Structure formats: C-alpha cells, structure tokens
Amino acid sequence: MATKEELAEFFEQDFPQANFIIERVGDRSATIRKKITHEHLRPGGTVSGPVLMEMADAALYVAILSEIGLVALAVTTNLNINFMRKPASDKDVIAECKLMKLGKLLAIGEVSLFSDGDPNPVAHAVGTYAIPPVKKFG
Amino acid sequence: MATKEELAEFFEQDFPQANFIIERVGDRSATIRKKITHEHLRPGGTVSGPVLMEMADAALYVAILSEIGLVALAVTTNLNINFMRKPASDKDVIAECKLMKLGKLLAIGEVSLFSDGDPNPVAHAVGTYAIPPVKKFG
Amino acid sequence: MATKEELAEFFEQDFPQANFIIERVGDRSATIRKKITHEHLRPGGTVSGPVLMEMADAALYVAILSEIGLVALAVTTNLNINFMRKPASDKDVIAECKLMKLGKLLAIGEVSLFSDGDPNPVAHAVGTYAIPPVKKFG
Amino acid sequence: MATKEELAEFFEQDFPQANFIIERVGDRSATIRKKITHEHLRPGGTVSGPVLMEMADAALYVAILSEIGLVALAVTTNLNINFMRKPASDKDVIAECKLMKLGKLLAIGEVSLFSDGDPNPVAHAVGTYAIPPVKKFG
C-alpha cells in the first residue's frame, strides 16, 4: 500500500513529465487531475487524444501502485479507450480509475475521464497492467 | 489526397508538439518515425506507453488525411493498443499504419510499432476515426 | 422507448437463438440473465468465452433499443471484452449494461458480467453500436 | 506443435458446438472456415456479430494450440473486435489468424474475417490468451 503523498513523490521523481495531481487514492481506486494548457490542445480548441490516453494510463498506474506499493515495476499490456465527447479547452481533466481485478500477475481497471465540472465523461478507458512476480531473496 | 510534403507541413503547423517524420504515405497506408530522447523514456530505460499510443494515433491520422485530404477535421473515437515487447531506449520508434476500412463516416486502421532495426513489433494498435461529413456550399 | 415486455417479444421473434431473460430496463441501462446449460460450457467446466461475448453484445442492444425504440436497425461496430474470473458452471450469467453515450449516430456502453450470486465480475465489456439515421418520409 | 488433423480431432471432441473446419495451420498462423446457416443469421440477412466473435476467438485458439500443443488449457483474457462490413448471408465465413507474440505466459494475435470470395474483411479482431505455466512432474 502507498499513500497519496508517497505516490506523489514517486511520480515527481520518476515520471516528472506526467505532471498531474493525485487527488485521492484508496479502496482500489484513484482520482488524478491535470491542468490543461496550450500544449495539450489540438486545432479546434480541444484536448488532444494522447493527453487523455496518458491520463487514463497514469490513473490506472496510480490505483495499482496505491494497492501493491511503490516497489513493483508494473507495465501496461493493453489499453482500450473510447472518446465520447469534446473536452473543454479551459478546464482541468479529471481521471477516475476503479480496479476491477487485482490479481498476482494482472490488474484490470476502468477509467472515466471528465472535463472538470461536467458529469458526462469525455472518454472512457479500460486497461490491463502486468505485475512482475515478487522476487524472494534468501 | 495529400502528399507526404503537404502532410508534413500540415502537422508542423497544426501539431508541432507531435514531432515525428512522415516516411511514406500512399495506398491507404502510412509510415512515421520518431526520434526517442530522454523525455520519452520511463524508469527502466524503456519508451513510455503514452509515446507509443501517441504515435499509433498519429500514424492513423496521417494515413487517413493522405487519402481524404487536409481539410477534414477527423477525430479518434476508439483506440485499442497491445504492448508486446520492451522498446529499445536508443532506437527510433517506427509506426506502420494500414487502413482496413475507409468509409464516408468512419475509417479503421491497424498500426504496428517497431524499434528501428527489430522486425518484432513492440506494440500493435487498432483505431477508429470519425470523419466529419463534407459540407457542401452554394 | 420500449418496455421490458415489448423488448422480450421483439427478441423472441427476431433473435430466438439468443435465449435470455430481460430482467430490467430503464434509465439508459439494462440487465439480462441467461440460464447456463451443458452447451454453454467448455472443458474444465466453465462458461465459454463466446457465450459471455454474446451476452455483452445483447445487453448493449437491449439497453439501446429500450431508449430508441424497436424500429431502428442498430449494429455493433466495436466490442472490447476482458475476461477476469472463471464463471461458475452451475449459475446463471447476468449482464448489466450502462450506456455512457447515446448520440444520434453512435451509442457506447459498458457491461459487467456476473455469475449469479457473486459480486465480483467474471468479465467486463465496452461496446459501440452504430444507429442508422432516421429516414424521413414525405 | 500439433497438426491440422490432431487439432480437428481435439476440437471435435472438446468443442463440438464450435463446428468449423481447420483449413490451415503453421508458421504461427491458422485459417478456419465456418458454413453459415439460418441459425447464424440475424434480421436483415446478415451473419450475427457473436458468430464472428466466436470465430475470431476460435482462430486464435487454433493458432496457439498448433504452436504449443494440445495439452495446455489456454484461456482468452481480452478480445477486441471491429465490425467493418456486412457479411454475406450465403457465404462461408473465413477467419485468418496471425500470432504477433507467443510468450511463455501470453499469446497475442490478430484475426481478419472474410465472407468467402470477398477480399475486404468483414471484421478484424485482436485477442490475448493466457497460457498456463507448464507443470513439471518429478
């Protein structure tokens, strides 16, 4: 298990480019928030798809590490994302992840992504992480 | 239809952050290449998943625009990606897209992603773009 | 809009092989139930994957038709399913669908599948249906 | 490794309801064929989605077993399918699978589905199978 503060420090050190705020973790779920700036927009004034994909992937990672701790080197093996509505260009994006399975080798979760203040999701993702086996030392 | 040169100029103007090279377009397919630098890596010395997702999405977009021209504002509606092997940290990533369907409203394509020089794909994606209906004037 | 009874009659006539019970519809959601018999099992005594895929697809279809009525000829365009736990061979399978988007041209929903009595889902699917445009007659 | 004949016998015994013909296996790929009859059609005279999903899943399974042999109890963990064109109601459906990864724990492949005689795929799927670890006996 890892706390919000421990996770924030971990991501700041190891994934500085990700640049999001961990709002909440616990109970096999996590919520993260990202401030949208000009670099995240695409023509037409909407948040680019890859920014949403990155957030979905990060929310899954935060939810998993909050359960299994910071030591493991989990990696995404599959991500499926549906883009459903145009995100607002001037609102934070919020990603809410719920883990559906947390096994020894695989974790699967779903992520709903929102423009802050709008209850209709802009996108929804489902992803799988492979969890490396714990090495036991003698 | 758009040529490689027209597409390169379009992406440089409208998507400067994407930062990839269009190697080839035509025959409902496209190949793009991205130089991997420190900012694209994650701990463990491998290319981060979101970089691969962004390239898959971009390769689809290039292949579609090369067929329908630069005017349309196509948007991704679904992307599914499987990460299969660890990408090399010191090689370009190459994304090869083939369109499987190019309808009036939807285009669907698959993308194989490689570390330059290795024939085994590091990832494989399938994505759908919605193509906005052509506005007829006057 | 269509009621549970209208939907049941529609599926009995047009999709007799589907063979499920509609338990509940409404509020952009639907729950269906299927009795598992020997023909649905695979070696090892578990419900076969295609039975779960068929139920996910059907639950989506029921949820959509309950909203848009029985006239439209909606078709699946994408389905993504994760198999998470081994279903019980002697329990009904229950599929709960919630629509996440119900647009004029596309509907997107998620489906959780359960072995009756166990709160942990055996599978989870996300699917997209294309809704044919309404023909207007003179 | 398993031959076409060994696989055919295996499926006839263990999956009699699947009811397809194995046309070819080898080189990390497989082709299967299914005769379409009235029970596989849906209103509008087209092959139902679940029939295509079942064939995609089966083609993957045949390709994997042809490589690892008939002993292992592999199970699908993820399947993503895009439906692209309306299948013919009076033609066999053919599913061609190519494995993209065949690891010790996971196999990933893609499947193109065709109405016999038409080179444009009616659907395309990507799926993952979990391969159970080999038990070693003393």
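A, B, C and D label the chains in the order they appear, each numbered from 1.
Note that in this section a residue touches a chain if its C-beta (ideal position, glycine included) is under 8 Å from a C-beta of that chain, and two chains touch if they have at least 3 such contacts.
These figures come from a predicted structure and were not determined experimentally.
K.L.:
Which chain is most remote from chain D in terms of Cα centres?
P.N.:
Of all the other chains, the one whose centre lies farthest from chain D is A.
K.L.:
If you average the CA atoms of chain A and of chain D, how many Å lie between those two points?
P.N.:
That gives a centre separation of 33 Å.
K.L.:
Need the CA-centroid distance for the pair chain A / chain B, whole Å please.
P.N.:
Taking the average C-alpha coordinate of chain A and of chain B, the gap between them is 22 Å.
K.L.:
Would you mind pulling out the distance in Å between where the CA atoms of chain A average out and where those of chain C do?
P.N.:
Each chain's C-alpha centroid was found; their separation is 28 Å.
K.L.:
At which residue positions does chain D touch at least two other chains?
P.N.:
77-78, 80, 82, 128 - these are the residues of chain D that touch more than one other chain.
K.L.:
Think of each chain as a node with edges to the chains it touches; is that a line, ring, star, complete or other?
P.N.:
complete
K.L.:
Residues of chain C touching chain A in their complex?
P.N.:
Touching chain A: residues 80, 82, 84-85, 100-101, 108, 110, 121, 124, 126, 128 of chain C.
K.L.:
With touch defined as at the start, can you tell me which chain B residues reach chain C in the complex?
P.N.:
77-78, 80, 105-106, 128
K.L.:
Quick check on the complex: what are the chain C residues that touch chain D?
P.N.:
Residue list for chain C touching chain D: 14-15, 17, 39, 42-44, 49-50, 53-54, 57, 73, 75-83.
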